[in-house]
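Consider the two complexes below, in which subunit A is the common component and subunit B and subunit C are the respective partners.
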Partner chain A sequence: MYQTFRQSMTWLHTWFGLVLGFVLIVVFFFGALSVFDREIDRWAQPATRFAPQPMPSFDHLLRPVFERITEPDPDAVELARSMVDGPLPEKYPVMDWSAYTTHRDPVLDTYVSFDVPNARNPDDHVHGHQTIDPRTGAQLSASDLKIGSEFFYPLHYSLHLEWMELGYWIVGFAALSMLAALVSGVVIHRKIFRELFTFRPQKQRQRVTLDLHNLTGVVALPFHFFFAFTGLVIFAGIYFPVSETQLRPLVEAHEQAEAAATGLPHDPAGVAAPLASVDAMVSDARRRWASRGMGGDVGFLFVNHVGDANGYVSIYRAGTDRIALTGQGIHYQASTGALIREDPPETAIASVNEFLTGLHLQHFRHWLLRFLYLFGGLAGCVCIATGFLFFVEKRKQQHARDGVAGARIVDALAIATITGTLIAALSMLVANRLLPEHLADRDEWQRNVFWMTWLASGVHAFWRSGFTQEGGAAPAWREQTLLVAVLAVAAPILNWLTTGDHLLATLETRYWPVAGIDLFLLATGVTASLIAHRLRRPALAHAHLATMKP
Partner chain B sequence: MNSSAATVAPRRLVVTLSRIAAAVLGGYVFVWGLVALSISGLAAFGMDYDQAWMLAMLLAFLVYLVVFIWAFAARRLGLVWLVLLCGGAAMTMGAQLLVSD
Partner chain C sequence: MMLLLAFFLSFVGLALLALAMERHWRQLRATRPLTSTAARSLRFAGSVALASSLALCLSVDHASMASLVWVMTLAVSAFVLAMLLAWRPGWLAPLISWSR
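And now, the complex of A and B:
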């Protein structure tokens, strides 16, 4: 469509970058926050501000917890409605129990899978879950939202658009476009090495924006490529569901062959059987890991075919000390506790796969890398944001002369996705501290505050960006940056007032999850105030550039 | 150029949309075929299904990226459509033969 390869790549970069950039900046921002999802949870759930706990005793503590989860979660029942043709089943038979924990989790998530007897697809099942205090077994209130791991993190990969898994597809398409934008970006900017060292803040605004775009794009190029690529690999089963469709016969044959080879029954026997002591199995698994010179924390515990003669218990080692999430699985017969099998070392392909996906998900312990992820993610946000600004700066004079609204629309959308996203996330934290503790549907209220403030910021951005259409700067930038500053300072103060955990106390006791979030919020507040102050002076034409810094 | 601008604009829009569709949908059909054929092919050669699946998925998105870029860079859009659709369909059918075998 264009004369040269470079021209076609410029077109691809500009238009895919622009349209999918609005998705990508949300994905990058909440991905960056998700790196500290457990810590945000602690901030938002004062009752869980205690030290991370190991996997508790199964026999004394976990088993009663699993046994009291007798039906699927309400949203899972809604999901079941789409799996059956007729009415919902009266009863959902229990299939398996599982619990997963990492070195950053004070609370434990316990899951029960339920069969949906009349589902069209016999493999379909639904989940029930409870979050518990692993010291006592007490259930945490289901309306006590884990803002980090239950809201920001799923927003990162699914946009909370669960219908037909639409959000996953949009994010996946955005990730593919990100890869294409990186390749085409490298083609456009041939002097790529020089751009590593080019930043000229005193130049005109358009040039500075482009410098910063190139700098953040090039410096973190391997990071951006890696995360977009591995993100696609993680959800490959959703994007190319060959195993559920075309290759289904191969999968069925494989599952039967694998069950025969490993001795782990694929189906229940239909004969009731008791459950032996799982704690004894855990001690045996620990002994076996120790004999291989490995640490003995249990990361994932799985009881399949609960209460059935074919039941078995799988115990996996936690992924604290290596990239893979879990590993070195050891399997026992549920009714007797007899060893069935120890997983052999991973094959080369599985190791590569675990390395790539594990490095993306980062459940292992490496705090320096965790911070690098945060800054890599924020660099991605700056790169995308400066891309928007460059688009606007390059065109707005021309659009003003032609009476076209293009630059203004892009500017307003940029405001809504840059400062608007910050406002929504911060408002949610503020609401988390202000809403009464025993309010019914407290989790829904917090979610609604997030979506409503985001929507309001979008409306405000369109309302207060008229100047962009005349070739000027939109006042919405400064107004929303001021609001970011106010909210970011209000959140730690409210945390202090409502929980007593002020910064001096959390720093003194070295309670980093809350101290770190408070410090980060205050830094955001100070940065936003400085930027808002600079945006007051229109003479400093390039100042509005600085608003990308979160 | 000026006189033909009115007729060129709609045509160019169609070509652009066709390129986007070729990159996104044509690319998807092609990669689906590639994934299905490589998994069923490797499984037929005795590789474990899960291993074959992982290998195919590690390659899938890199191939998708290459054909995606190619759809925009190629001179002849017709060739892009031909390769992606026919290639994808041929590989999907090849996989089907292996599955029903």
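And now, the complex of A and C:
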């Protein structure tokens, strides 16, 4: 198609980057926010602003919690509808109980998995879930949305398009194209080493955006590559569902063989049995970890085949000091508390897999690395955003002369995905503080504010980008940047007015989750107002947008 | 604390490598050409600084974590360095104060 390899790579980079860039910038932005998902949760849920808690006593506190979760969640019942041919079952038998926590969680997520007796696939099951205060066992209201871990984080990998797992597929395809864009970007970059540290803000706009695009792409290249790649690894089961299709018999045979080898029963016996003290098992597990020279916080606790003679309890150590999420599992017989097995050290393959998924999911305790990830994510946003701006700058004069709308459409979409995303996220935080506390469906309202403001910013972007078509700068950039500034300053003020936790107080008590989010919001507000000020001078408009923090 | 030092060393290392390049050397020493000996010593010193930065990272964390910290540290350092070279190249002058 093209004369040279470099030309074809330029075509690939430009067009795949353009189309999937709109998805990727959303993925990068909400991925960057997800690095601090637990902290955003604390900001959005003032009732949970207390110190992180260890896994509480199972016998006294967790067991009654699990026992009161007798039904799947309403959305899980909806899901069950697609698993059965006939009517829904009357009753869902309890299969397993589990609880997962990290060093950043004051609240604890508890899960019960239920069998769906008449499901087409006998392995199908559904979940019931409660978030509790681990100090008292009290349930937190389900309509109290965890904006960070329940909204921004799933948006990062599924776009909240649950139908047919469409969102996962779009994000997966975007990640694959990201890998292609990185490779083709390196190919078309003429002077990757000679211009490694090159940024020339005094040159003309097109050059500046390209410099910044190259800089943010190249310095964080390992980050971009590894995160796109490990993201695909994490969801490999969705993209290559071989274990559910062709290899199904093999997988079942493997599960049986593994159960035989480890002594951990694969199926329930069908005979009822009591549950021994799990707290005793936990303290035994801690002793065993300590004897291996490892600190012993419980990260994941799992009771398999609840109430059955084949039941067993698995206790996993929190992966705070490693990249892996959890590890060093120890398993006990549920009815007697007798040790069944200690997991041997990981095989090479398993540890590579744990490293790849763990480095992406980052439940470790390392604040510096967390901030470095935030930088990587934001660098990715700047890289994609400057890619759009470069595309527009390069073509808009030509398109203006030809009377083509191409540059204008791309510019409007860029506005909607850059400032629009910020406006939607900030509006959601503002709505979180403004909506009455006991409003029914408070979580739905917050979600709707997010989607509606995003839509409105898109409409505004198309309406106010006519100048791009005439070769000028779209006023929508400045107007939306101003709105970002207003919202980003309003959020911490509203946090102060509604909770009393103003910045001076949170800084004095060193309550970093809320102080950090407030500081970050204020920094965004200041940056956005500086940019809006610069945008008043049309000649500089695009050049300086490029330096904007997304 | 060790990690801050590792961060600083990774920045210094990259800065020395950048100054071993004709273009950036001239930003600081417009009149004096970059000799090949100077370039070689800058590159050597830069590599040593980067290696020590990695060693410091490894001394603090488990190797799996340390490698990530080091790579990401390099990314931030390179970005900061590019910004300094664009706006305040003079701040890097102490690194080549021996060549007056």
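The working rule: the second predicted complex is superposed on the first by the 542 of 550 C-alpha atoms of A that agree within 3 Å, B and C clash if a C-alpha of one lies under 4 Å from a C-alpha of the other, contacts with A are read in each partner's own complex, and residues count from 1 in each chain.
Here, a residue touches a chain if its C-beta (ideal position, glycine included) is under 8 Å from a C-beta of that chain, and two chains touch if they have at least 3 such contacts.
Quick caveat: nothing in here was measured; it's all calculated off a predicted structure.
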(request) Once the structures are superposed on A, label A:Phe5 by its partner contacts, choosing first (subunit B), second (subunit C), both or neither. (result) first
(message) For A:Phe223 in the superposed arrangement: first (subunit B), second (subunit C), both or neither?
(response) second
(request) Check the residue A:Thr421 against both partner chains and state whether it touches subunit B (first), subunit C (second), both, or neither. (result) neither
(message) If we overlay the two complexes on their shared chain A, which of subunit B and subunit C does A:Asn495 touch? Say first, second, both or neither.
(response) neither
(message) Which partner chains sit in contact with A:Phe199 here, subunit B, subunit C, both or neither? Use first/second/both/neither.
(response) second
(request) Classify the contacts of A:Thr386 with the two partner chains as first (subunit B alone), second (subunit C alone), both, or neither. (result) neither
(request) Would you please give the residues of subunit A that touch subunit B in one complex and also touch subunit C in the other complex? (result) none
(request) Can you check the complex and tell me which residues of subunit A touch subunit C? (result) 194, 196-201, 215-216, 219-220, 222-223, 321-323, 355, 359, 364, 366, 368-369, 372-373, 375-376, 379
(message) Per the contact definition, I'd like the list of subunit A residues that touch subunit B in the complex.
(response) 1, 5, 8-9, 11-12, 173, 176, 179-180, 183-184, 229, 232-233, 236-237, 240, 242-243, 246-247, 249-251, 254, 347, 349-350, 352-353, 356
(message) Under the definition above, what is the set of subunit C residues touching subunit A in their complex?
(response) 3, 14, 18, 21, 23-24, 61-62, 64-65, 68-69, 71-76, 78-79, 81-83, 85-87
(request) Give every residue of subunit B touching subunit A within the complex, in rising order. (result) 12, 15-16, 19, 24, 31-32, 35-36, 39-40, 43, 48-51, 53-55, 57-58, 60-62, 64-65, 68-69, 72-73, 77, 92, 95-96, 99-100
